[in-house]
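My structure is below; once you've seen it, I'll send some questions.
Letters are used for the chains, namely A, B, C and D, taken in the order the chains are written, and counting of residues starts over at 1 for each.
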Amino acid sequence: MESGKINLTIESDLSQVQHVGEAVRVLSSQLELDGAMPSSVELAVVEAVNNSIEHAYASECGNTVEVSFEYDKDCLQISISDYGTPMPRKIVEMLDQSEVRMPSGHVGVDSLPESGWGVQLLKSVCHRVSYARCNRKNNLSLSFKRAAEKHPITAA
Amino acid sequence: MESGKINLTIESDLSQVQHVGEAVRVLSSQLELDGAMPSSVELAVVEAVNNSIEHAYASECGNTVEVSFEYDKDCLQISISDYGTPMPRKIVEMLDQSEVRMPSGHVGVDSLPESGWGVQLLKSVCHRVSYARCNRKNNLSLSFKRAAEKHPITAA
Amino acid sequence: MSFQTITKDGVAVVTVTNSRLDASIAPELKQVVSDVIEAGSTRIMIDLDSVQFMDSSGLGAVISSFKLTGKKGDFVICNMNESVREIFTLTHMDRLFEIYTSSDEGFARLCA
Amino acid sequence: MSFQTITKDGVAVVTVTNSRLDASIAPELKQVVSDVIEAGSTRIMIDLDSVQFMDSSGLGAVISSFKLTGKKGDFVICNMNESVREIFTLTHMDRLFEIYTSSDEGFARLCA
């Protein structure tokens, strides 16, 4: 299909995130993506939704996280929105940097971080990530490229 | 999981219904249902969403169909809502009748109906169907029973 | 392209290439079959091998195709997956249609 | 119940029985491993055979379990499916952990 759109909404409860994850995985498995598996798309979206719940809403139930899944023939764009505390500026700046920073394998075990992997993982699986806040709504937008369509070979 | 909820929203365009169908199928495949396959749940929801688009909105694009997917330990309830023309009373009455009417196999080929199967199919796969209109919102609610949990046998 | 038609030995095989035969493409199936009949075919097989999901509009289009063809023996369906078969069973249409589990069997029946 | 622990020959095998090791249950894994260590185990294997999906909180819980155990040779992971392995690869944690493709291998390693 050339283009499509569906919105998904859950409450800010970590036990509900799996429903978004499963829906996003099956929806993206219908689109052939360039350099991303359906499971990576699921991972990126789950990280973003977890962050909205844990950070924007400070794990308080009863708020809403919206996920819009939208594609055209070139690109899949998934936006994760909440109405909570905005992302700190230094995280937004990190999103804008193209490089992904993971701790090197040489780091000592004891200094390995137990959290703070989410945003780096997001960046490493998406083609582009952008963040905007507008009218109290925070919006994190993840894009993935669709694989070019294979045209049937037509005899000359 | 004991309980969960996710809302799905699409525009009133028949080409978008498949996204709801796929999401609903994968979400219901996570719940063991009593007497309904994930593909039957998908069928029932697709029939209901098609009807909202084709009848409530007279196939006019730019309107919204909402699907809420909600379960507790006993039951899965899926509600399909639109803001269009309400269902005619005779269809609502038919929903309330417990029997399902399919044309018999003895009917002549020429008198076989080419449409009008949707509501009967809905009724035949759901445990219960109910319809309500409130504040210009039409709501068709489909319930499915969850299979009783198999408790692990504990040694006496 | 959601459908493909091949005519062989006077039999028109209409293959649904889309994975969903739903309300968004069902009217096209009716049109394709009507075109095939207009072009002179009297024996038609609908091949549903690629179809993972069918709704009542898809069923309606199959019924309409059947009616256009006119005679039972000249219209067969093949390669239904389990969820497609369910909609035929629920509506009792499995009793009315000639359904084959492979395209070879369906084709052989039409050539008999 | 998202986890199951069996201690055999001094090795604690913690099996994640849930299909998702995500933010909603990751803190429990940390707790389970911490309890097992409190109870005296020094060699631990995490069996991820049932896990279809893991997020960064799940990874964090595995890292935390590793740190609690203390020594590399005494902590192994087994039975990662493809999408779970991807998160270890993306974060380079596949270089740090001892990962086995079967629980037998992992167990043998801890008993060596």
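Quick note on the criterion: a contact is a pair of C-beta atoms (placed from the backbone, for glycine too) under 8 Å apart; a residue touches a chain by one contact, two chains touch by 3 or more.
Keep in mind the model is a prediction, meaning the values are calculated, not measured.
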Co-neighbours of subunit D and subunit A - touch as defined: none
Centroid spacing, where centroids are CA-atom means, of subunit B and subunit C in whole angstrom: 26
Geometric centre distance via CA averages, subunit B-subunit A, whole Å: 30
Gap in Å, rounded to a whole number, between the CA centres of subunit D and subunit B: 41
For subunit B, residues that touch 2 or more chains besides their own: 15, 18
Sequence positions of subunit D contacting 2 or more other chains: none
All chain pairs that touch each other: A-B, A-D, B-C
Complex contact set, residues of subunit C against subunit B: 20, 22-24, 53, 55-57, 59-61, 63-64, 66-67, 72, 82-83, 86-87, 90-92, 95-96
Subunit C contact footprint on subunit B (complex, rising order): 14-15, 17-18, 21, 37, 39-40, 42-43, 46-47, 50, 53-54, 102-105, 109-110, 112-115, 117-118, 120-121, 124-125
Sites on subunit A touched by subunit B in the complex: 1, 4-11, 15-16, 18-20, 22-23, 25-27, 30, 69
